[in-house]
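The following pair of complexes shares a single chain, subunit A, combined with subunit B in the former and subunit C in the latter.
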Partner chain A sequence: MGIGLIAGLQQELAVVLIVIVLLFIKLGSDRYRTETILGLVNVLLGINLAAGLMMAPTQTVLFGGGFHTNELIILEKNIFNLGTLLISLQAYDWLKGHKLALEFYMLLLSTLAGLFFMISAGNLLMFYLGLEMSTIPLAALSNFDLEKRQSSEAAVKFIMSSAFSSALLLFGISLLYGATGTLDLGTLAASDDNLPLRMAGILGSTGAHALLVFAFVLLLSGFAFKISVVPFHLWTADVYEGSPVPVTAYLSVISKGAVFFAFIQVLYTTFRPLARDWYNMLVLLAVLTMLTGNLFALRQDKLKRLLAFSSIAQVGFILVGMTGSPTTANASVIYFILVYLFSNLGAFGVVAVVSAMTGKEGIDDYKGLYKTNPFLSWVMAISLFSLAGIPPTAGFFGKFFLLMSGAGRGNYVFISMAALNMVISLYYYLRVIKAIFMDANDHPIGRLKISLLPAIALMVCVAGVLLTGLLGWVYDYIYSLSANF
Partner chain B sequence: MNLSLFIIIPLVTAVAVMCCRGLRQARWISLAGSLGQLLLSFVLLFRFGQERAAGNSSRMLFEYRHSWFAAWHIDYHIGVDGISVAMILLTAVIVLAGVLVSWNKGPWSKEFFSLLLILALGAYGFFLSLDLFTMFFFLELSVIPKYLLIGIWGSGRKEYSAMKLALMLMSGSALVFIGLLGLYYGSGHSFDILQLAQVPISAGVQRTFFPCLFIGFGIFTALFPLHTWVPDGHSSAPTAASMFLAGISMKLGAYGCLRVATYLMPDAAREYAPIIIVLATIAIVYGAFATMMQKDLKYINAYSSVSHCGFILLGIGMLTRAAINGAVLQMISHGLMTALFFASIGMIYDRAHTRMVDRLGGLLKVMPFISTIFVIAGLCSLGLPGLSSFVAEITVFIGSWQHPGTMYRLATILACASIVITAVYILRASAQTVMGPVKDPQFSVLTDAAWYERLASILLVAGIVVIGVAPFWLNDLLKPGIDAFMVHAGQTGLLK
Partner chain C sequence: MANYNYIAWIPLLPLAGFVLLGLFGRRRFRGFSGILGTGLILAAALLSLYAAWQYFGAGAGAAGVTAGGSAYKPILAMKFTWLSFSPGLSIDMSVLLDPISVMMIVVVSLVSLMVHIFSLGYMKGEERFGTYYAFLSLFSFSMLGLVLSGNIFQLFIFWELVGCSSFLLIGYYYDRPSAVAASKKAFIVTRFADLGFLIGILILSFYGETLDFGTLIHRLTTPSPQFLSITSASFLGFSLLSWGLTLVFIGGAGKSAMFPLHVWLPDAMEGPTPVSALIHAATMVVAGVYLVARLFPVFSLSDPPALGVVAYVGAFSALIAAIMACTQTDIKRVLAYSTMSQIGYMMFALGVSKYGGEGGLGYMASMFHLFTHAGFKALLFLCAGVIIHRVHSNEMNAMGGLRRQLPLTHICCLIACLAISGIPPFSGFFSKEEILLAAWQSNKLIYGVGLFTSGLTAYYMFRLYFSIFWRGPHGVRQAAGDPGAGDAHGSTPVSMNLPLVVLALGALLAGLIPFSHFVTSDGEPIDTHTPLSFSIAPVALALAGIGLAAWLYGTMSDRPRRLASAIGGLYRLVYHTFYIDEIYAFITKKILFNLVGRPAAWIDRNIVDGLMNGLASFTAWISALIKGMQSGKMQDYALYFFTGIAGLAVLFIYIWKN
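Take a look at the complex of A and B:
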């Protein structure tokens, strides 16, 4: 049991171990050099990633089915380890001058551990625990620009909306439990066909169905809040804008991605019998989300807000992919999240570097950036092209497969809406490109000296954006793991 | 023969250009790369002819297939028939000419050249592709370089034009994308053109997705009323980019209409033919009249491109053998002619710093060479016998006339009549700019074409004249491809 426990929980334990090491450093001494600590943490995160990649693929079930892991879940966790490492590297310039760098990492890594537990959750209780474990430190992280009022505002907004969505989730979970007597995702899934029937004894089949749909809608709303699906997106832009850039990046890529993994599992296991009901809901939400995100993004003046709305639109595209058949939906969503991680972190990485060194975050400030900082400009351009879905970047493949997966159901009106949204989104990405490459500026951002660590992170992002798509086996690998999903 | 070289060479050249320093290195590397590419195209032509002469009658030659996304049955699949060989030759000539006319392009010359080469890469890949996914990949690849080329190095309302072009072409790609998905799911999960041609595609799928594909590709080739990006885009673009846009990029759309939409869904093509023909005729006539009103030389050529590309769509819409043949000839002829036209306009603009017809005049006295090629391009545009357009247009007209319907006849007559309008605007423009006394005394100090400009022009003129005098060479090259196309179009008759 002991060995099995360690083997199954390897990735979670590694993250927690780093937190504990940091805690001891904090307890041991106040007089550490921030740079040293940052270097150490990044090395530890690198080792963590390497260990995760080398981990033997195991299929483990722990805690009476509450926690399970398999090759696909290990891959998902590795993706997040990579993302966390990249964000941590990009945060270097910002944290260098920050008094509480250690605390930043403790909070960040607890969040990550929470997300890991959530992804691996075998029942809804574990899922909820993991989610909350990640949410509360995240709220604290949003407030990490301690002197800025905006940052505190972001934290308050985040905690309020999270609390509300958690309440919705809990309500949905409790309804489900009341109706079926179990929280176990596997059992709920196994009882696919007879689940409504079992309740029919109490409620009659229509009533049972209605109750189930109601529970689903509550759960869906909870999820929708976390992944900022319209109309539950209102917190997103303000929180993204107010939080420090690395935290925004983390929120938009990692926490969102993890909730997507959990969401797709719940959708395709527990709620598969309801597919007819939720298909239309998802279609509607996807269209709304894409349109709203894109239309609001059109007129933003701040890059962070633009990226916030663009990330809402991207969620809409992911929802398009989710409407497909289980295997293609799962594979294309996970693939897209990997692609999205590279592209979005590339864009946020540039914002992080520029913001940490100059404090400028407006699109107008980026005018003429290419003249002074060609490297940053190309990273930004490639990342934005990837977000817009332009070949040869991986974003093209990601979007293509999401829409292809969605088209498998034969709803071409819906796919046309998605394609139209790709065109709309191109406009605002090109606005940024135009500012960087074409517009003249009397006071452009000066030549920035990029530190080694952020430079590495940016190069990894660019490499990821350029290679993930062209190398077809990445998708095929994810697909093969999803095949028995 | 390894066709992937056509994609690798521009890529390597583009990367090399990005790594070098200064204009001098950038242009020599680009020249070397595009010259190599042209030689390679001739090697391909030669080898292709050899294979065909040896009796190899397979549909596509030099095929290469590599599994790309096995889960979706997507392959990197390339191969050529006569039509693609001709298009590749056209691309190689125009890219080389484009590099030559941009010889002193600054600032940011290395970015300029590498974007141009990436554009070329997209075109080569597109013409080589036998897999719709690969094809779509290359089609979209060429959108952003165009945006950057126009937006950074353009003139006039460049940002507006660049954005308009990018958004309209993206909309075109989006439609193509929907059409591709429809084909994929409607035909047994394949993107392979050769395989799709074997599968009967149901009437419903054809009816729904043919318009998506045809309009999508049509936007690229200035299908009325979605042609509005053409005048703005072409006139704002720097010379090499205009040459590429009008010479090759518009042909991507035409090639897509032919090889994807019409080839794979011939029944729907027949059903929608009247609409295509009406739109094409409007484009021809409207484009010609719109050209008459233009004062800017680049706008003149841009609107006349709308009119001339109408002939391509007209030929495709008619679906007779001669008309299709004429459409393909027109693709190549218009590519060369319009590139030459834009090149000469660019040379004039570089020197006189104006493109307004009423401000130019008497250029023949100051720059005889440039004026001559300008006139040659103009004469080609109005279809002078001995030059390529004559061959192409007359083939289209003969093919169109073979269609017995009254409406088709009417369309043919209107299209023929537009030639007269073409003559009006071309002759008027050349008379006002080239002939007569030197209008502005400042013009008298201007220099004639430099060696690189002469080389570029001679290259393009040679192409025009060779096709015009000896069209049978090109026709022999195209014949098997068009025959196969017609056989396929005749075989299926689901809708009848």
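Take a look at the complex of A and C:
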């Protein structure tokens, strides 16, 4: 048991271990310069990523079914380890001048550990715990621009919105528990056909269906809140705008991606009997989300807010992929999240560098950036091309697989809507690129000296954007794992 | 089986060069970029030679060359799935080694190496030196990838990459309007042909149900279900197999500048001269020949009429290009038309060939001519480069008497001219004799055209040679007035002379290679028997052509002018290259623009744009309308949140029931 425990929990333990190390450093932190600490943390995160990548694929179930892991889940966690490392590297310039850099990492890594437990959750209680464990530190992180009022506002809005969604999520969970007497996802899944039947004994078949649908809608709203699906998305723009850029990046990529992974597992196992209902729900929400995200993004003048709404639109696309058949849906979503991680972190990385050095975040401020900062401009352009889904960037392949997966159901009106939305999104992405490369500006952002660590992170992002699509085995590998839920 | 894993490095090394030079060539590697590019292509060339040694050496060692059953088998050196869309449809990347692809990597990498070295001197001091080498590397990568492609879709990708890098190189002097126009013309004309190619690929692969060359050829040459379906389906009276092959050939004809798609090639001479040597003489333009050779079994065994098209188009192009070359005065344009003419030879040699055994002489001769032509034509272009470098003009009328100033170039150029004219023992003699023999054995008309053209070839090549190197003191004065031109040979750098010497040795000796033992239509070595008497007619005709050129252009005289005015109208017709460009201009400007372009533009401006603008303003309107939703107030957000849940619940429990 002891060895099995350590082997199965390896990735979680590694993250927690780093938090503990940081705690000890904190006790004597007066003695170290912030730069030294930042360097150490980044090395630790790098080791963490490497250890995760070298981990032997194991199939483990722990805590009486409360926690499970397998090769696919290990891969998902590795993706997040990579994302966290990239964000940490990009945050270097901002944290260098921050007096609470260590606390930033403790909170960030607690969040990550929470997400890991959530993805691995074997029952709804563990899922809920993981979710909360990730949410509360994130609220504190949103407040990390201590002098800015907007940052505090973001934190308050985030924690209050989370409270609604948690309450409703718990309500949904308790309805399910009340009806079936179990919280275990495996049992819920195994009782696929029994679940409505058992409830039908109590409520009559119509009533049982209604109860199940209602419980599902409540659970769905919990997920939808986290991944900013319309109409549960309203907190997103305010929180994204107010939070420090690295936190925004983390929110938009990692916390969202993790919830997607948990969501897709629940959809295709526990709620498979409701597939016909949730298919229609997802179609409806996907269309709403894409349209709303795009229409709002069109009007934004601040880059962070634009990226916030664009990330909402991207969520709509991921929902399109989710409606396909289980394996292709799973594979296309995981692949897209990997691609999205590189593209979005590339874009946010540039914003983070520019914002940390100049404080400028408006699209107009970026006019003429190419003249002074060609490297940053190219990173931004490649990332935005990938977000817009233009070949040969990985974003194209990601969107392609999502749409192919969605098209598997033969609902072509829906797929056409998604394709149309890709066209709309092109407008605002290209607007930024036009500002950077073509518009003249009398007072462009000056030549920025980029530190080594953020530069490495940006190059990794660009390499990821360019290579993930062209290397066919990436998708093949993900696809080969995707049948295991 | 021997290990060929290293083959992938042959195209990848130039690709690395392109990436490095493209990223850093302008600043960091500026002075160093030429050496870097050259070093990488040198490594690729050495690997290619090793591959050839290993491939042909192993084949010979295994069973002996002359013994039966020692065919060189195609080897799939490596293969991986690049994109898998579904179990039935995936796009692979593979490396195919067979006699022609091995020969081509040697030719491409060696000529590219020579051009890289030559450019070190020729392009020295150019402002965009690094960019130039980046483009050269991109081209080398694309061309090597093209010849090694193991499936037809991969070949198409590299085919387009080759077109793209050719476009970049022709338009290298982008501040010259003529260069820009030429690059656009080359791109559009070849693109037009590529459309045919793409449709051809789609037809063949759809019915063949595979993209892989080996499988495709096997299925389309044996009575397989795929073969029956493609031959029984027909369109406008021809089977789809004929359509597919003819369309593929149109693609090849565009790239190889066959009549009537040749109009881009003379204009493409606006690019730097070494580029013309590499792309528009030795490598890219033979891609069409290579393509036909690649699918040769299908052409030959399954659809001889399509092969007939290849033969007649090739013969006609050879003849008409040779006639046009006789009147041009721009040195590079003469060479361009001569290239077109020689490629015509290769095409009709394929066209008259049969599959397997001695009947496959034409195939072997075509590949042999491709091989020798690459060497001596690159040499001719590089000589032209040296001359242009010295005289600062492309006009032959501005030259003359250069043999004393450029003795080495003079010798090299003479060797190349003798080789292209088919004078023994230079390399062109051997390959051309075999082409003519193959034509003689199968089609007397084409043989006649080929024979006459070979006389013309000798004439226009020596017209060029005498105009430049002999003919009076005109050029000497010109060059003496040029302050940069010192005495004799001092100002031509070694980097420019070395490739000339290497290629000249090639032109001297390449004909002695027993080519038929290596490259044949079915991989079985054959022995060629060219009777000595057969060579009399072509060689005599070539000597007559040389004599005529010497008489007209050997010394300053007004003989050429008198001759030109004697045949007046005909001369002008040829001089203006049969007004083919003007005909194209008429068709596009007057007919296409008025009948198709203008109405389409009107529809685009008023209906499509109108629709789009309407859509855009509608989107903006909606966007403004829902702006209120994002009020920033928490209580509103909570309201939407709960409304959303209630709405979904009501909708799915009571209304949208399943």
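Things worth noting here:
FYI, the second predicted complex is superposed on the first by the 482 of 485 C-alpha atoms of A that agree within 3 Å, B and C clash if a C-alpha of one lies under 4 Å from a C-alpha of the other, contacts with A are read in each partner's own complex, and residues count from 1 in each chain.
The rule we apply is simple: a residue touches a chain if its C-beta (ideal position, glycine included) is under 8 Å from a C-beta of that chain, and two chains touch if they have at least 3 such contacts.
Bear in mind the structure is a predicted one, so any value in this text is a computation, not a measurement.
Applying the stated contact rule after C-alpha superposition, one finds that A:225 touches subunit C and leaves subunit B untouched. When both complexes are overlaid on chain A, the residue A:419 reaches subunit B alone and has no touch with subunit C.
Contacts of A:280 after superposition on the shared chain: subunit C is touched, whereas subunit B is not. In the superposition on chain A, A:98 makes contact with neither subunit B nor subunit C.
When the two complexes are overlaid on their common chain A, residue A:213 makes contact with subunit C while staying clear of subunit B. When the two structures are aligned on the shared chain, A:472 is found in touch with subunit B and with subunit C. Contacts of A:304 after superposition: neither subunit B nor subunit C is touched. Contacts of A:367 after superposition: neither subunit B nor subunit C is touched.
The interface of subunit A with subunit B overlaps its interface with subunit C at residues 404, 472, 475-476. Every residue of subunit C that touches subunit A in the complex is listed here, in rising order: 80-85, 619-620, 622-624, 626-627, 629-630, 632, 634, 636-638, 640-645, 648-649, 652-653, 656, 658. Against subunit C, the residues of subunit A that register as touching in their complex are 156-157, 160-161, 164-165, 168, 209-210, 213-214, 217-218, 220-221, 225, 231-232, 234-235, 237-238, 276-277, 280-281, 292, 295-296, 298-299, 404, 424, 472-473, 475-476. If you check the complex, the residues on subunit A that touch subunit B are 331, 385, 390-392, 396-397, 400-401, 403-404, 407-408, 410, 412, 415-416, 419-420, 422-423, 426-427, 430, 433-434, 437-438, 472, 475-476, 479-480. Residue ranges on subunit B touching subunit A, taken from their complex, read 67-72, 74, 133, 137-138, 140-141, 143-144, 147-148, 151-152, 158-159, 162-163, 166-167, 170-171, 174-175, 177-178, 181-182, 184-185, 208.
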